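Here is the structure we will look at.
Just so it is clear, A, B, C and D label the chains in written order, and each chain counts residues from 1 on its own.
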Amino acid sequence: MKKFRTAVFGTGFVGRVHLEGIRRLGYVQLAAIGEPQIEKAQHLADEFGAERAEADYRKVLEDPSIDAVHVCTPNFLHFPIAKDAIQAGKHVLCEKPLATSVEEGRQLVALAREHKRRNATFHNLRYYPMVQQMRRMREDGDLGEILVVQGTYSQDWLLYDTDWNWRLVAKENGPSRCLADIGSHWCDMAEHVTGLRITSVCADLQTFHKTRKQPKGPIETFAGKTLRPEDYIETPIDTEDFGAVVFRMGDRTRGSFVASQVSAGRKNRLSLEIYGTKGGVSWDQEKPDELWIGQRNSANQVMVKDPSLLKPKARPFADLPGGHSEGYDDTFKQVFRRFYRSIGDPGEEPDYPQFADGLRGLQILEAEMQSHKQHAWVDVA
Amino acid sequence: MKKFRTAVFGTGFVGRVHLEGIRRLGYVQLAAIGEPQIEKAQHLADEFGAERAEADYRKVLEDPSIDAVHVCTPNFLHFPIAKDAIQAGKHVLCEKPLATSVEEGRQLVALAREHKRRNATFHNLRYYPMVQQMRRMREDGDLGEILVVQGTYSQDWLLYDTDWNWRLVAKENGPSRCLADIGSHWCDMAEHVTGLRITSVCADLQTFHKTRKQPKGPIETFAGKTLRPEDYIETPIDTEDFGAVVFRMGDRTRGSFVASQVSAGRKNRLSLEIYGTKGGVSWDQEKPDELWIGQRNSANQVMVKDPSLLKPKARPFADLPGGHSEGYDDTFKQVFRRFYRSIGDPGEEPDYPQFADGLRGLQILEAEMQSHKQHAWVDVA
Amino acid sequence: MKKFRTAVFGTGFVGRVHLEGIRRLGYVQLAAIGEPQIEKAQHLADEFGAERAEADYRKVLEDPSIDAVHVCTPNFLHFPIAKDAIQAGKHVLCEKPLATSVEEGRQLVALAREHKRRNATFHNLRYYPMVQQMRRMREDGDLGEILVVQGTYSQDWLLYDTDWNWRLVAKENGPSRCLADIGSHWCDMAEHVTGLRITSVCADLQTFHKTRKQPKGPIETFAGKTLRPEDYIETPIDTEDFGAVVFRMGDRTRGSFVASQVSAGRKNRLSLEIYGTKGGVSWDQEKPDELWIGQRNSANQVMVKDPSLLKPKARPFADLPGGHSEGYDDTFKQVFRRFYRSIGDPGEEPDYPQFADGLRGLQILEAEMQSHKQHAWVDVA
Amino acid sequence: MKKFRTAVFGTGFVGRVHLEGIRRLGYVQLAAIGEPQIEKAQHLADEFGAERAEADYRKVLEDPSIDAVHVCTPNFLHFPIAKDAIQAGKHVLCEKPLATSVEEGRQLVALAREHKRRNATFHNLRYYPMVQQMRRMREDGDLGEILVVQGTYSQDWLLYDTDWNWRLVAKENGPSRCLADIGSHWCDMAEHVTGLRITSVCADLQTFHKTRKQPKGPIETFAGKTLRPEDYIETPIDTEDFGAVVFRMGDRTRGSFVASQVSAGRKNRLSLEIYGTKGGVSWDQEKPDELWIGQRNSANQVMVKDPSLLKPKARPFADLPGGHSEGYDDTFKQVFRRFYRSIGDPGEEPDYPQFADGLRGLQILEAEMQSHKQHAWVDVA
């Protein structure tokens, strides 16, 4: 089996999940962890058996033995690091959003094509087995022609004005927060599953907390929920807590979604519902192993994840037998497996989201932001 | 106990539910059924023990012994019949929509005030015990300040172009179908539960089937699902199958809903989710005895309908002990009970939706229709 | 339409539900309410439009104009009243348990046969639309040969030792409480749906509270949950709070159920699961409009109650269109409708549980009690 | 960080899950895979980066550099291999059942004690975060005194007589199948969570298929569902498809469970319900991230897995933030992490099931088998 050598840049919540996910593939060697906080990098290198830790990611890029890198830094660093990595000849798997502007996204797509490097934007949520089942049902015509697409991505981790995170800082996060961070996952999944494009949007954003209480020390993403800081700075917030969007997918299909980081009780609820002329499907990330299948003239179905019941093309995304749950971590493994396989086989058609998909997300986001500012419908580029 | 005499006009699906619901109140006597199809009226009078059947509702209005009338006819007749009834001195309980235009609605509100008659627009769905629980939680401040209101009213009974019903004919139904028929229930419930007003809307409507196959003979509402007609007329459709709406409730609260009559597998799913600064609630008409209560810092709750757990002001809407389900029919009983009590006690503040609430629904609907036509945001009058 | 005249004996929780249910049938006149607490009887007669109230049920039985009676008294009175009523020539609908011993049950079956009177034991829970759907699926062979039958009937209204009710007094209730009151519903439904007979049982009963705090004044069934009495009597309890049963249905089919009145959070959860060689079904009374259908080689189904999806023979038990919930009250209407129809048509095969079914329940109960006492398997007579 | 070297014996379904789970711990090196089918072993060694593959596990045991071994072979080999491994000085993590008889189990417990080796019986299902939450709630007294314990472990992978697997062969599997394979998981979890012991049982077993169609070639566990063999041997089956058990846990607590491998639609449903004097809990392995918490005097709760909501002692079993699902694979990681930590720290109290727990399971199983044979209650040793 062909072996690969890789590096991970960034060691926040998601960097750690990447590290563990890479380990599950016995044929990918963790060559390096890049992270300015070097002690943290060294600690993780020890825990996950990485060969070395570097404060400066450029040092890692100079190592010719390394095939690929995972970019798991704060958003504003995605673009410069991915750019440098591609130019250093590395294959790049970049966390979403791919960049903080459409223009940056376009550059990365062009660079990757020019350098013929494998490139992925990490919309991992596509790769729950049941999401792939929806996709394949649509491809096989089980849903008929798509009429209605609706849903929500709701969380509650930023409900209180005492909740704080680097994502609240536009400089590190980019100009959109809720729609960029979770709305983009929803749109990516909606387009991936339906095979249709969002062509115009009318978006309404809201920043419920105009200021938030910023703690003086650094905190980890998501850790804010149990944090009880002694000392805050009242800080103005210029990114949205919430967005509601109605959209069109061409002349016929219509849809709507809500993204929110302030919906009490919803921890990580990405729900996607698709209704076509022959049937409907509904899926919720908080119960990822279940797929609801709606039917007009017979009983609805609730499929429990079971490889023997999945469409042949969805089956390879489920590693465990029926009723043995596969979770969030497992979607990482599924993407990594396909990403490295495609590095090893230049002829293979990638079955993972590429930079072009990341750019697509940025274009939708740009239209949403513009729609909100203009209080009007806007076409997606 | 004071006794009342009443009449029901219209004998379709909902007329029949009114008849049975009235019977459950032992102190309301069914004096008459009014319906142009006189055999049908006579048959129902026999089944439900009504004293007489009349083809012409005016005959019934002439009877001075009758206290109140229920208007259950096709929509376009609501206005003229309700108007005549009020002018004849009857108390009037009218099915929704109250009328087919804002102007008609205004007239009815004025007439009822002038004649001092009890008046109800039949938004019965408010009166599921768990909807009242949501309302009382909000009133007690359990949800804090309302931030997000979202949901859907989805059905599938008009999914196929072979589905036919009088509601598809704008002349009988009014100019809006999906938003008027079910969207109006959603908006009424959202305003009732939150205590807030929808102040502006951006709506996108769609008529997926531009023509439908109209059977040559008459059919009952909902019966189309099993109908297999030999002969159809291809008939143009000018009312919407679907509407998606983003809306604002004042400066702070934001929301969105989807109404659809073509969503395969959804039989009668009115789901309403409300998120405030302290907690969230979510309810689905297909499981009316359950209420989800979302919390950020403790486990979410799922309340099973149980009078001993309900807020004191919600408790009178639940007649049965915990876990004994109360359904759609039971909401009729709850409204009827309060409507007749208020006739008997002129000093009682009505706890049911009045003509003014019906008018409110027509105003929202008008804004939605206008928004769609203008492809732009529109303020609600 | 043929009209009937009826009377209700007993005015506790379930008596009231009978009264309201009878009213829904316009062709059944409430001739009398019999109840020793005459003011209560008069109050209900006024509320439900009954012609008269009587303290002594015998007075009612003397009225030759009355066709039928509903026996809704405490359990120990079922036998004497039902006996007198049959002998007075009335058709009898008796609440369950039919009697407090097998011997009494046998007498009632014989008397009803001798006097050729219509007779019903009120196992109304069979008549939820989805329970009838299970029954008809089994009859049509959709489940194949039945292998496994399991489930539970769990409530929590007697969890605390401060919970009190007449059912706790063996003299009024009979020697078994939990198995007689709710276990009997489970067994009746299991036999009704499977068409099989429970042939032997091993039962283990438990009285968790050996004494309870009895309030000095009378209280209504179920009202104990909010009661805060000032004064209790510590009273020994000799009926069970709980029973677990493994059973056989002939040589092949195996099963098990748990009945409990002390299971916190379960309000009225009768769940029944049946697995056959071709498929499985599962139903829960707390969500009566849903039926889970299990399949090995395709996705499971969750049927929302919808007449157009029900088996033809289950369809008449659903009065409302898809997704319009039908609840506990509605099962009463379904039984009453069939009971009175069968009075009017002596040739009609009853489609409701008769005294013979009530006797059957007493026989299973007797075997369960004996099994517990002997700490051994016992055959059902 | 201390590093460990380990080996895995057996490469069926569960062996593979062990391999991948071990990889997730960066500080455990896969030194060897032992498996008579040497090509399979070599293939997996390549895929998971193991240093070598051996047909004979004894060769691996001879390697003094290896600290620990995972025994993932068919059941009948657990005892001899675990015995040899302990005697070779290895720490041993053995799949359940620990052995095929109580006597073998006793020997292993004694050997491990004598050789002072860390020993685990792999009841991994305890280590879903929500199962640990139940355990800690009970320890903290949130449930009060336990009254009722009930549930089921139901699967459908052996529903048809054409389903075949090595587990059907008593010689490889041991004398009990359904109760040993899945019933033992249920009992282990019930005792672990309640902290109580099953003291007596009445069990009823059933072999629905007295013969099965055995395919002539070898097949993988669970693969039978899609297999379409050309040629079968009609083979007598002497292990059970189903078991129903009523049990006592001391003088007060009562319970019941059903284990079945023939329940259509149930893929891997381990449901455990526990009701105490203060509250109840219910959990289902098919939705592992949810915990139902039943309450008498307030709304029930449904906790979504969220570290910030978990009891402090349950929190370390959840690696991901709220609403990010953790599945079956993740329970392996949790056990492995604690097992290796305890090897590195001889003073650490093991927080994983040991051989003694495996022996306990065998004792319950023995009582169940004896109870079935005697058709009577039997005390657990």
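Operating definition for what follows: a residue touches a chain if its C-beta (ideal position, glycine included) is under 8 Å from a C-beta of that chain, and two chains touch if they have at least 3 such contacts.
These numbers come from a predicted model, not from an experiment.
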Chain labels contacting chain C and also chain D: A, B
Interface with more contacting C-beta pairs, comparing B-D to A-B: A-B
Centre-to-centre distance between chain D and chain A (centres being mean Cα positions), rounded to whole Å: 34
Mean-CA-position distance for chain D and chain B (Å): 53
Inter-chain centre distance, chain A versus chain B - centres from mean C-alpha coordinates, in Å: 41
Interface hub residues of chain C, defined as touching at least two other chains: 225, 265-266, 292-293, 297, 300, 304, 308
Chain D - residues contacting chain C, complex: 147-148, 150, 152, 154, 156, 159-160, 202-204, 206, 208, 225, 242, 244-246, 248, 252, 254-256, 258, 260, 262-266, 273, 275-280, 292-297, 300, 375-377
Complex contacts: residues of chain A adjacent to chain D: 1, 13, 17, 19-20, 23-27, 30, 46-50, 155, 157, 222, 225-226, 265-269, 285-290, 304, 306, 308, 319-330
Interface residues, chain D side, partner chain B - complex: 291-293, 297-304, 308-309
